[in-house]
Amino acid sequence: GSAKSDRTAGPAAKQATYKIFLIPKFIGIPVFTLNGKGGKEAGKKLGDTVTYNGPTEASAAKQVPFIDTAVRQGYNAIVISANDPNAVAPALKRAQDRGLKVVSYDADAAKDARTVYVSPPDTQSIGAGLVEWVGSQVGYKGQIAILSATTTAANQNAWIAVIKKTLKKPKYKGLKLAKIAYGNDNDTKSAQETQALLQAYPNLKGIIAPTSVGLPAAARVLQQAKKCGSIALTGLATPNSMRAYTKKGCGKKFGLWNEVDFGYLAVYVAHAVLDGKLTGKAGESLVAGRLGRRTIGKNSTMPMGPPLVFTPKNIDKYHF
Amino acid sequence: MRRVGLGVLVRWETVLVLLILAVGVWCRSLSPLFLTRVNLLDLATPYIFIGLMALGLTFVIIAGEIDISVASILAVSVVVLGQIYEAGANIWFAALVGLLVATGLGLVNGFLVAVVGLPSLAVTLGTLAAYRGLAFLIHSGEGVASFPTQFTNIGIGYVWGQQVPVALLVFLGAAVALGFLLHATRFGRYIYALGANREAARYSGIPVTRARIAVFGLSGLLAGIAGLVYVGFFGSSRADAADGSLLDVVTAVVLGGVDIFGGSGSMVGVVLSVLLVAELRNGMQLDNIGGDTQNIVIGVLLLAAILAGNAIRALQTSGLRTRIARASKKEVVRTAGQAEGTT
Amino acid sequence: MKLSPQTLAQAAFRLREAGIFIALTVAVLLFWARANNFMTIANWQDIATDVAIVAVLAVGQTMVVLTRNIDLSVGSIVGLTAYISSDTLAHHHGLPLGVVVLLAVTIGIGLGLVNGLLVTVGRIPAIIATIGTLAIFRGLLFEITNGQNVLAFQLPERFLNLAARKPVGLPFLAWIAIAIAIAGAAVLRWAPWGRDFYAVGSNPDAARYAGIPVGRRVLTAFVLSGALAGLGGFMFAARFASVDAVAGTNLEFDAVTAVVIGGVNVFGGSGTVLGAALGAVLVATIQDGFTLLKLSEFWKMFFNGTAIVVAVTIDALVTQRLQEALRRRRRAEMVAAREQGAAT
Amino acid sequence: MSLVELRGISKAYGGVHAVQDVSFAIAAASTHALVGENGAGKSTLVKILTGVVSPDEGAVIVDGEPRSIGGPSAARRLGIVAMYQDPTVFEDLTVAENVFAGRSPRTRLGAVDWKAMRREASRLLEELGADFAPDAPVRGLGVADRQLIEIAKALSSSARLLIMDEPTAALSLQEVDTLFAVVRRLHERRVSVLFISHRLEEVSRIADTVTILRDGRHVETRPAAELKHGEMIRLMVGRSLDALFPKEEAEIGEPVLRAEGLTRRGVFSNISFEVRRGEIVGLAGFVGSGRTEVARCIFGIDRLDAGRLEIDGRPFTPRSPRAALRRGLAYLPEDRLRQGLIQPMSIERNVTMAVLPELAPGGIVRPRRERRLARSFMERLRIKASSPRQIVRSLSGGNQQKVVLSKWLATEPRILILDEPTHGIDVGTKADVHRTISHLAAQGLAILLISSELPEILGMADRVLVIREGRLVGELSREEATQEAIVQAAAGVAS
């Protein structure tokens, strides 16, 4: 058995074409579907076979079997958005032992379990950006809250850390972080949590929802509560999901990297890693097709680059 | 014996074996990789923690109760284990405490059901939420990740030329032990009696309350052991451990031929059904069939199997009746004979 | 006059609902005291909206549980019908909402029928049958959505505003729930086939002997549950506008919780819609109160679970007391009767 | 013309012929008794007449035309209504709802007409001399009351043939009288009754015609007047029985069980008695007098509020059935199905249920010993079954009762409490059971015999205790004990 995967991952790996397995946190929601789309697009460009599959719930335990079978099927690389950085690590290490390359994207896996992490536009700029976007809308003062995904989502927590750090800066000292609510990447929950925020903090000025499920939900609740005027909303979501609200002034400024590009880049990175062009060292770089040159930063993390910023004016230029 | 021969044909376990073979053939056609030694030996490993919970739940269901809180119990014990280890205690000590906590939580269920006299579905519906909440309250962060290898081997270790997963052995070991407990011991007999007719069991001097508490304690303990394997295999001790695995656990038990209303079922059946589900998922994954489609297939398999089972049971009983028939005819003759004798 | 078993029974019966009522009052007073802006119209409107969908599901669940069955597939049915409703609207903006409701309910009926047939004709225990269909229906939803979702901007305004409307100060969805609850209660009280639910759940064999078409009644219960889940799906779509493949996940737990807290006997035969509805309200209120008290998610989870256990404990104790009282009362009556018999 | 006629009815379960080629006619406005040993096929015929099962062969003729009876409701439409062997009530519903289950009166709008339902129900209960309200929940009513509800149910549905499958099994003399009165009133309404009972004296009292079954075959149908008991028994059993109550002489030894001032509030109070080695003490009284509760308390199922117990002079506190068993007590409960048997289990497992601690040293069950034990009892009590492995559910009532008895004898008790031991058992078997009982006494067991069947008490007991409303109201020696004496004591009528 092991011999088999060695063969495919060993000498075979030197051939130009690879088999790459793209595992999202869970399948079924558009964001990940778009990642898959981008990944496949990149695959076509590079002549690689890209498979997109995963569990139906955001559960690490249910991601692992996909990792293991990918190994057995002789895939050359795994691209994954981890539900639990640690819980998938042993499986990913098994894969690496069998000669596979691992690239994490969106939500990182334990460092020693992947070669490169393709991060959403780097934590720093997103975190800072989110604060700026909300701050600029409320005149840099007032009570704000965060609507996050799950308490344990690595990327969310990273952003929250930066947001807290940024808020300490003199420019933002007017902004007070009242509460961090969790919507569990679940539309229902997110909406209810937003409602809860409105109740608990009558004079809330702004909400930061750095989740593609949470932001539109929040926007909708604000609209239904007729609070779009009084509460500034920002966060991360696809322009399609926000268009209606943004145009009505709910979430006048928010951002996102292009989810299609995200998957696209992740697969390009995986290919480069397989070619041995990327080893995770800071400063290494590659030309990622239509995205141009991208470079690895520290912690062998490659940021998506600055997010696109959507406003009522420019939003109609984007369709994803 | 002729009767056994006839019996075996209509045994549920036999059906499961046939299903496993049939599914095997199908999976083989899905992917050539399915029938490799590595794959066959390893395909169950990711599902062992589910299997272990199922073994415990089997006792509860045969005893005529239900415990839907097992996954939450697992989570609590996992978090406790993680926290204690992080606090610098010896890993095995931490593991022991985890097991004790799990058993304790199980006993709490048992107390509420057997002593306070509440319906187990309601009780464990409550503790399902309460325990999960508890797990998060104990620790809601990333939890410990780096556990010593000699411990994680429970989950990811291999023995015998690095071929056979330890977890699989743990599962089979537990199954054998529990199978013995259920089928060969007095306690096991009590469980069946309880599930079939609790009042009659009580009248017969069976320690009903103690037995019912014990059953839930056992279920908790198994959830705890499942927790060890979980930590070993996934190397994570987070409060959301095993979230969403409840349906898989119940499915395993029921597909194993355990009567959801209690009183009947066998350990072998449950083990087989655990393997069957693992095999099926593995095969479909090797063919990159989507997770959603996999769920549909499992769901359909469950229902189809039960439907088939009902048909078989009908066959079985009619078979039994024919036997009664022959026998009681004989009896009639015999008693008649005696009658002649007495008069 | 002396307390007759009937008055005793009714007393205890009131006790059941009373128990929940007291719990509710206590909770309300507590939150009122501790959390400002709990006792605000806006807040109660939110609670009402939150509870509406669960309440509708709870009514259907009550019917099923009364017949000594359970329907765990409602969450998936809600998801399916929610998506189909909004997807249909997304493609036919002009479609009257009535038609969409009809569509959702019809699909619900179909799925409920599947459950019912599996249980009655297929002789599969309800808990298993509906665990199976829970997975299957959800799987189908994934297939249909194919990773896409319907977004607010694709939907007609009148639909998006449906949930926001508040006739007479009460959210529209809450009105639907109230109507359903009343209808459900009426059925269980006045409709002969509704009464049969109690008989079937109380003693299936006896029901069969009594000539009650047990199979048909159970089927009816599941169909009703499915239909209401369908309606719930429409309400879900109206409330959350954008629907994807995970919509309505775990709603079955909320419904069952409401029913259990509402004092419906999980072994069938006894319980009321009123109780179930109150149960739903209680849960929603506690949730809401905790939010206002800024308690963490995890405390909510913890207390929610504990609340269930406490509720059933109280219920159990009440019924035990009642039975004991009844038996002794009965014996006293027998004695009295015999004394008279002896005297003559 | 006869109301209902059976022509060549056969029914087999799998291969066993429950009934085979049975033919007889039931005349209008008459009581037709159906007698036979356990497993003779009586209940099966009932099920056929009510459409619960359909016959393999033969026809049911109603008013001269053959009918296929699809189910209970179809039967009801033909005017055929049955009270089943075990009362089938809805514990959660009120009495009125039970009476009208499945066919509640409707208002014009088709809604349940509660008023009418209550009115009708109370009228019927009145007629039956029941003393509980139509709104009373059935939970909390006793066996006898439940039996009355069954009757009311039957009456309410304009029956033309009312089938009573062992209706008197759980009834006391008094209640039997009420029932028979009702039956006679029914005749005035041109209603016929198919009456099934193992109590032959009742059969002779009420029946116009008697049909006898044996092993599923029709043996005889004759006017009751022409049938003497001995004759009936001979036809049923296929042989003439030796004395019905064979009493072996056992020398009475020292007291084994002594009870003093046993009290359970609201149930019974200040019950004192003793049972000696080799003695059979009868416990008589009406249903509901509290006999079972006394037994349940002694056996540790219910709590005693006051009083003390001694076994062999050593104090004994009945904490649990387990504790009682350890002290050599055994209790054969009155409700075979609910308290006696584990139906889906095999005979052997039922028989060994109470002796597992002995059978399973170190907690590990020894199947071989188990089977041996079961076999020995199957022979001793002539249990009619294919093997110790047979599932108890498929046995007829009488054989099931024998299995329960075996379970308790297996514990080799020193004190044996029998609660309605021959409840629903046929004469043949009854004789066996009685023989066994007195044999056990002869071997030195102390036996407390609860029975609503006075002949049984009179036949078996050395002493008779009479309980009324939970109080001990009389103690009669074997000589003093007569039907009259006991009834007077039980009813509290001064003689």
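When the chains are written out, they are named A, B, C and D in that same order, and each has its own residue count from 1.
The rule we apply is simple: a contact is a pair of C-beta atoms (placed from the backbone, for glycine too) under 8 Å apart; a residue touches a chain by one contact, two chains touch by 3 or more.
Since this is a predicted model, take the numbers as computed values, not measurements.
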Report task. Could you tell me which pair, A-C or B-C, is linked by more C-beta pairs in contact? Result -> B-C
Query raised in the report: If you take the mean of the Cα atoms for each chain, which one ends up farthest from chain B?
Result: D
Report summary line: The distance between the C-alpha centres of chain A and chain D, rounded to whole Å, is 73
Report task. Averaging only over C-alpha atoms, locate the centres of chain B and chain C and give their separation in whole Å. Result -> 30
Query - Centre distance in Å when chain A and chain B are each reduced to the mean of their C-alpha atoms - result: 38
Query - Residues of chain C engaged with two or more neighbouring chains - result: 138-139, 142, 245, 265, 297
Report summary line: Note: chain D residues in touch with at least two other chains are none
Report summary line: Expected list for chain B, residues touching two or more other chains, is 136, 140, 290, 292, 295
Report summary line: Chain pairs satisfying touch are A-B, A-C, B-C, B-D, C-D
Query - For the chain B and chain D complex, residues of the former touching the latter - result: 3, 184-190, 192-193, 196-197, 199-207, 263-264, 317-332, 335-336, 339, 342-343
Query raised in the report: Which chain C residues qualify as touching chain D in the complex?
Result: 4-6, 9, 189-192, 195-196, 198-199, 201-203, 205-212, 265, 269-270, 323, 326-335, 337-339, 341-342
Report task. Provide the residue numbers of chain B that touch chain C in the complex, in ascending order. Result -> 66, 112, 116-119, 121-123, 125-134, 136-137, 140, 247, 250-251, 254, 260-261, 290, 292-293, 295-296, 298-300, 302-303, 306-307, 310
**Report entry** chain C - residues contacting chain A, complex
**Finding:** 37, 42-43, 46, 50, 138-139, 142, 145-149, 151-153, 160, 163-164, 236, 239-249, 288, 291-292, 294, 297
Requested in this report: Under the touch definition given earlier, write down the residues of chain C that touch chain B in their complex.
Outcome: 70, 118, 122-125, 127-129, 131-136, 138-140, 142-143, 245, 253, 256-257, 260, 265-267, 296-309, 312-313, 316, 320
